[in-house]
Amino acid sequence: MSDLWLSTLKTATPQEGYELAIKLSRMGIKYTQPSDEVRQKLRDDYANNADSLTAVSQVVATNFQTVAAANNYWNERT
Amino acid sequence: MSDLWLSTLKTATPQEGYELAIKLSRMGIKYTQPSDEVRQKLRDDYANNADSLTAVSQVVATNFQTVAAANNYWNERT
Amino acid sequence: MSDLWLSTLKTATPQEGYELAIKLSRMGIKYTQPSDEVRQKLRDDYANNADSLTAVSQVVATNFQTVAAANNYWNERT
Amino acid sequence: MSDLWLSTLKTATPQEGYELAIKLSRMGIKYTQPSDEVRQKLRDDYANNADSLTAVSQVVATNFQTVAAANNYWNERT
Amino acid sequence: MSDLWLSTLKTATPQEGYELAIKLSRMGIKYTQPSDEVRQKLRDDYANNADSLTAVSQVVATNFQTVAAANNYWNERT
Amino acid sequence: MSDLWLSTLKTATPQEGYELAIKLSRMGIKYTQPSDEVRQKLRDDYANNADSLTAVSQVVATNFQTVAAANNYWNERT
């Protein structure tokens, strides 16, 4: 992927960190399925299925661990 | 999401930390499916399915790892 | 949840820590499905299904990571 | 469970640590399904299913992370 | 596998680190299914299935934790 | 298991570390299903199924976290 989409794991606030975790999770899908059109179609599937949404939240939680650690949990010690 | 819903990972007690982990888990779903109505409908599905509930608890466990680390496991050393 | 059920992650022994991890795993389900009756019915499902039991053990393993870290792996250095 | 089955996370070697991780994984199941007879029957299911075995190996991997950290990865610095 | 494909976990930027995490995730599959032809056929399956893509993103997230830690989260302190 | 198969988590290179992670993942299966013959038959199942391969890669990723940490990410500081 030639675009620059991730220049730092640092964020100003925990919420921005959580939103970065969501972006990381979506990029994991985009690298495997680059077509915006296909991903949009699939979105209707998982956005209306409870277990699919839980699985998405699991990926976000895993990425949030990384982002939170990178920001020292926003404890202002880095 | 324009609302501020996560300003800190710090909580006074482990139990509040666990409840924050639940909130993080639910927000992972809300970002993907913003409709309150759809989420409410889906809730009936997963709240009555053993494996779905286990998967939810897995997400909470992952987020609780993050929250607990952010609070130094409430060991009063931070 | 108004009850106090988690006041500390510290336990005297690894085994008590493991049992706390089980409690954490069950609470992740209880917050989502508060009805004791429904949970009891679902229990018959997952307690007799190999993959469901493995999934439960996965949640416990994740929570045990947190509890073990909180107790410095019971290495008597905290 | 009144039996003492986990008194320490320390092991002499990585292999013993891995075997402790297996024990931890099985105990996660035993606490939920205490009947030896039922567990033995279920064993035939998952021991002959590729995905079930992979899921078991995932739980072991998660518990091995905990045991390995508790032993400082057997780097002889603890 | 006789080829050298992983000589370091260090990357210049977080994005290159994420791309290394993708490579690690794919290699986990390649070691189990070495046939390029079979993997290409399977790709059509998972690249068009929402849950499969989420599962892929979960593996990437797990590997990204490792790569990010190896690079000290690109905080320029290593 | 009476054989010695894991005497150290240390490896000379990241790639050897990744290959050790694969071995750990396979041993998690072998302890549960010791029959070489059964495992060989199951291999045909999961080696030709996209989701099964992703699940295998997830286990490898988890074990690679452990091996990488044990080697201080091959940063030559241990």
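In this document, chain identifiers A, B, C, D, E and F correspond to the written order of the chains, with residue numbering beginning at 1 in each.
The criterion applied here is as follows: a contact is a pair of C-beta atoms (placed from the backbone, for glycine too) under 8 Å apart; a residue touches a chain by one contact, two chains touch by 3 or more.
This structure is a prediction, so every number in the text was calculated from the model and none was measured.
Annotation of chain A and chain E: not jointly contacted by any chain, touch as defined at the top. Shared contact partners of chain E and chain F, listed by label: none present. A turn of 120° superposes the CA atoms of chain C on those of chain F, with the angle given to the nearest 5. Ranked by how far their CA centres sit from the centre of chain C, the chains are topped by E.
Chain centres were defined as the mean of their Cα atoms; on that basis the chain farthest from chain A turns out to be D.
For the pair chain C and chain E, the distance between mean C-alpha positions equals 31 Å.
Between the CA-based centres of chain B and chain C the separation comes to 15 Å, rounded to the whole angstrom. If you average the CA atoms of chain A and of chain C, the two centres end up 27 Å from each other. For chain E, residues that reach two or more other chains under the stated contact definition are 46, 49, 51, 55-56, 58, 62, 65, 69.
A ring topology is adopted by the chain contact network, closed into one cycle in which each chain touches exactly two others. Here the chains make one closed ring, and walking it from chain C through chain D gives C, D, F, E, A, B. Remark: chain A residues 13-15, 18-19, 22, 46-51, 53-58, 60-62, 64-65, 68-69, 73-75 touch chain B in the complex. Across the complex, chain E meets chain F through its residues 1, 4-10, 24-29, 31-33, 38, 42-43, 45-46, 49, 51-52, 55-56, 58-59, 62-63, 65-66, 69-70, 78.
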